[in-house]
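Two complexes follow with subunit A in common, the first pairing it with subunit B and the second with subunit C.
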Partner chain A sequence: MKFEFMIFSFILFFMSMVVFFKTTNIIIMLMGIELMVNALNIAIANLVWIKYSFFPPVWVMIIFAITAAEAAIGLALIIVIAKRMKTLDVKKLSNIKEIFK
Partner chain B sequence: MIEMISFYGVAFLILLAMLYIIISRDIFRSILSMLVVFLLTGVMYFIMDMPFLGVFQIIIYTGAMMILFVTAINVIGRVNDKKDKFPYINIIAVLSVCGFFAIFALALCSLVAYSPLEFTRQIVSFKDVAITFFTTYSFQLILSSLLLFVAVVVVYNFLRSDDNEI
Partner chain C sequence: MTSSSLVRWIVFAPLAGFIINFLFSRFIKKYLVSIIASLAVLLSFVFSCILFFRLKAMPSDTAISDVVFNWMNITNLNINIAFVFDRLSAIMSLVVSGVSFLIHIYSIGYMDDDSDFKRFFSYLNLFVFFMLVLVLANNILLLFVGWEGVGLCSYLLIGFWYENINNSKAGKKAFITNRVGDAFFIAGMVVIYYILSSNGFYNLDFNTINSNVSLFYNTSIFGVSSLTLIAILLFIGATGKSAQFPLYVWLPDAMAGPTPVSALIHAATMVTAGVYLVARLIPVYSASVTALNFILYISAFTAIFSAIIAITQRDIKKILAYSTISQLGYMFMGVAGGIYIGGIFHLVTHAFFKALMFLSAGAVIHALSNEQDIFNMGSLSKKLKNIFIVMGVGWLSISGFPFLSGYFSKDFIIENLYLSGHKGIWLVAVVTAFLTAFYMTRMFNIAFIKESKKELHPHRPTSVMTIPLYILAILAIISGFFINGFISFAGVNRTEEFLPLTVKYTPVVLSLLGIICGFVLTADRISDFLSTSLSWLHKIVYDKFYVDEIYDFLIIRPLGWISKTTFNIIDRVIIDRTLVEGTARAFYQGGRVSAISQNGNAQIYAVYMLFGTAIILLVYLSSVPLLNLIYWIYSNIVFAFTEIMKYI
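For the complex of A and B:
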């Protein structure tokens, strides 16, 4: 049963990678990163559950905090970029230096 | 046995929501599917006998992060290249919300009806949680608080400088 959780978290991680790589929209790319961390959290919680890890479950909560901080900063960046460049397409953001000049 | 069935059911629903995120071209619907993924991940923590993590998952991911994403999209505006036409989406949404609440109510009723003592024992006492956090895990608590504080300061500076320059 615990093995299935690990396989499931791997599948979820790779599907999140597909979400990240298939799109050129920055918000969906950030969503992909969040989903990857979510899959990682499931794997860590599973390791805690089967006691193969020295990670106490409270570290998963720290990962929650890190993810929340990362999402807040990422979304703020995206808002700034979208306001200045009027686009969310990564391909059109190749001159990122000029955005923050 | 019940654990296994609930795991497979929840895992199937999460994979369906992930597939919808991959297929969908509308950002807003992708974000709603992500909400489903996060909510069901919280349920999965409950299946793993980690109710406290499940509650944190639902509060932080499903609550706070979804509000962040939806607010960001509202600020930017819905930038959709192509809007996919999915018929009866409103009816399906209402039915799924009602179904979710029905399942949640049934699960809660069955927990209370069949094992009242175990259910009350599983509810984590907030006093115990507070004592544990502020004694054993005080370093982790301070670290995560600092992280969130730094993030708030960074976000404020980003958005304030942007307002000044535009």
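For the complex of A and C:
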């Protein structure tokens, strides 16, 4: 376990979290989520230095797969929202529950 | 088929009839339903006859018993579904199935134009099933099953024409009054079980109870000998079912049901269940003088009280109902005073002649299109000659006219009361015999013999209704002559004792006097004079001594008030408003409050998630002791610091 990688992971995670909370653009929020997951992935990949541990690469691959799936769904949703609402601003999308009823 | 396994088919035949008629009545034609029902009862009558002759060939103390299956076997309680066919239940099952069969046949004609014909017959079969369970039960718990079952059927059949609210009210009254008695019955059973089980007897068989009377005799509960306690509790249970004094009020109202039901359930069979119970437990009762005296006083009072009420009634079925109560009093007197079999014999003859009278009354009511007031009848002797004759047989029989069945059975009871030394009770019984003859003659005279004030156009009953009447009339005439055979069949040794001639002939003379009085006092001028001069007395008696009103004032109204109050306070306010509606309202308001936070902004949701995670983390960490936590954070910071310093 290399500590510098850990620090890097933390920094990346918090940076992307700030991005997620501060932005109003829905695509950038999705990117923030992806980045958070990637930061997590780095932390997990870092565990590979532990002796006799061969699971972390597997986890990493699983998380990659999940992230890919989630990105596909998220992007599809974003396309639908953009088509229907003609906007990507989260603040203007607060009545989404009534529109998609 | 062996004798023992035949017993169960006496019981199960009507049950099979009920199941077929109740479940598949939709697919069966109307008359086929009645034929199935009648055949089912006929089958149990035939089985009873077969077993009766087999039993007759055996020694008198043997019984054919049939264990169907083990009902429950738990710690200290082992009850079988078992039937016993001994001398007493042989008599009862013959009477029940025989009279039931005749009444089934009669009902085919009586209920012909009723829209609920099929339902009626399925209920009747269910009733016969439960009644046979009652009389053939081997243990007191199974008897109680039948006891409750006949109560249920009574309720169903009293309220048979449920479109009229008064009928369903009468059914309800019968059921609830019976429940009061049943509560005492259960209490009696509990005492029996308590004493038997503490002595190592874990079944409630009648054999066990009757052969362990000394156990009851030697123990006492609440300072009362448990024998007396059991006997009195069970007798109070019997007063409910057999319409004795405090609990008789349901029987007159029960006449709201169809007349065959009144004849079958409320005259011939079900109401005699209490008499049967006392006779069944006669070793217990005869060991307790207190209980016997209790029964005698209650039943003698009931007999004379209801006979007095019957004098003034106008409704033909009400008169017969009060007469039934009075005759049930006789049966209890017969069972409790002297030789118990006298009561059973009166039960049998009463089943014949009272069923006969009820069915004749039903035929009259049917012929006059539901006219029940005797003062609206009259001169039926010409218009309905055959009904007049059979009703006359019933009338003479119940009045104790010599050499008809009622004469033998009633005389036997009265003589034994005298011999057992209860002179006061004997006097009451004799006076009741006089009153019985009187009110029955009054009814018969007004309804059948006297000229009618109105023009009546009765239509003749069909032969399906009259043939059972003829059979019952023959039985009512001849059954009295079998008294000696009956008593010896029941295994009771009767010793002829000398009676003073005055005592021996008093009942007969008084009965004949009653008949004469009945004719004389109902003559137009005399009855007018009497009703004007004694109008206050007439009113009190006609209103049944205001017993219903007293019950209403003492029990029903306070109970209603308590129920209403507790309903308003506990049910409405505490349970409904506070607990039920309150929970719903709390969740509703809570939902409204928390709905504010759900405003549709995705970023706010993310913040909630962040806070949620923080709270979970906090809770997790708070389970770690505080000093350890501080040390953990401190060491991490130090470690991070040193690591960072390495690279700088």
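The criterion applied here is as follows: the second predicted complex is superposed on the first by the 93 of 101 C-alpha atoms of A that agree within 3 Å, B and C clash if a C-alpha of one lies under 4 Å from a C-alpha of the other, contacts with A are read in each partner's own complex, and residues count from 1 in each chain.
The rule we apply is simple: a residue touches a chain if its C-beta (ideal position, glycine included) is under 8 Å from a C-beta of that chain, and two chains touch if they have at least 3 such contacts.
All values reported here derive from a predicted model rather than from experimental measurement.
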Partners on subunit A (subunit B, subunit C) - clash or fit: fit
Partner chain in contact with A:K92 - subunit B first, subunit C second, else both or neither: neither
First, second, both or neither for A:F21, with subunit B first and subunit C second: second
Partner chain(s) touched by A:M29 [first = subunit B, second = subunit C, both, neither]: second
Partner chain(s) touched by A:E4 [first = subunit B, second = subunit C, both, neither]: both
Angular separation of subunit B and subunit C about subunit A, which is computed from CA centres of the superposed model and rounded to the nearest 10 °: 140
When both partners are placed on the shared chain, which of subunit B and subunit C touches more of subunit A: B
Distance in angstrom between the closest Cα atoms of subunit C and subunit B, superposition on A: 10
Intersection of subunit A interface sets (partners subunit B, subunit C): 4
Parts of subunit B lying in touch with subunit A, wherever the complex brings them together: 3-4, 7, 11, 14-15, 18-19, 21-22, 27, 30-31, 34, 37-38, 41, 44-45, 48-50, 52-53, 56-57, 60-61, 64-65, 68-69, 71-73, 75-76, 79, 137, 140, 143-145, 147-148, 150-152, 154-155, 158-159, 162, 166
Subunit C to subunit A touching residues, read off their complex: 599-603, 606-607, 610, 640, 643-644, 647
In the complex with subunit B, residue positions of subunit A that touch it: 1, 4-5, 8, 11-12, 15-16, 18-19, 22, 25, 27-28, 31, 34-35, 38, 41-42, 45-46, 48-49, 56-62, 64-73, 75-80, 82-84, 87-88
Contact footprint of subunit C on subunit A as seen in their complex: 3-4, 7, 20-21, 24, 26, 29, 90-91, 93-97
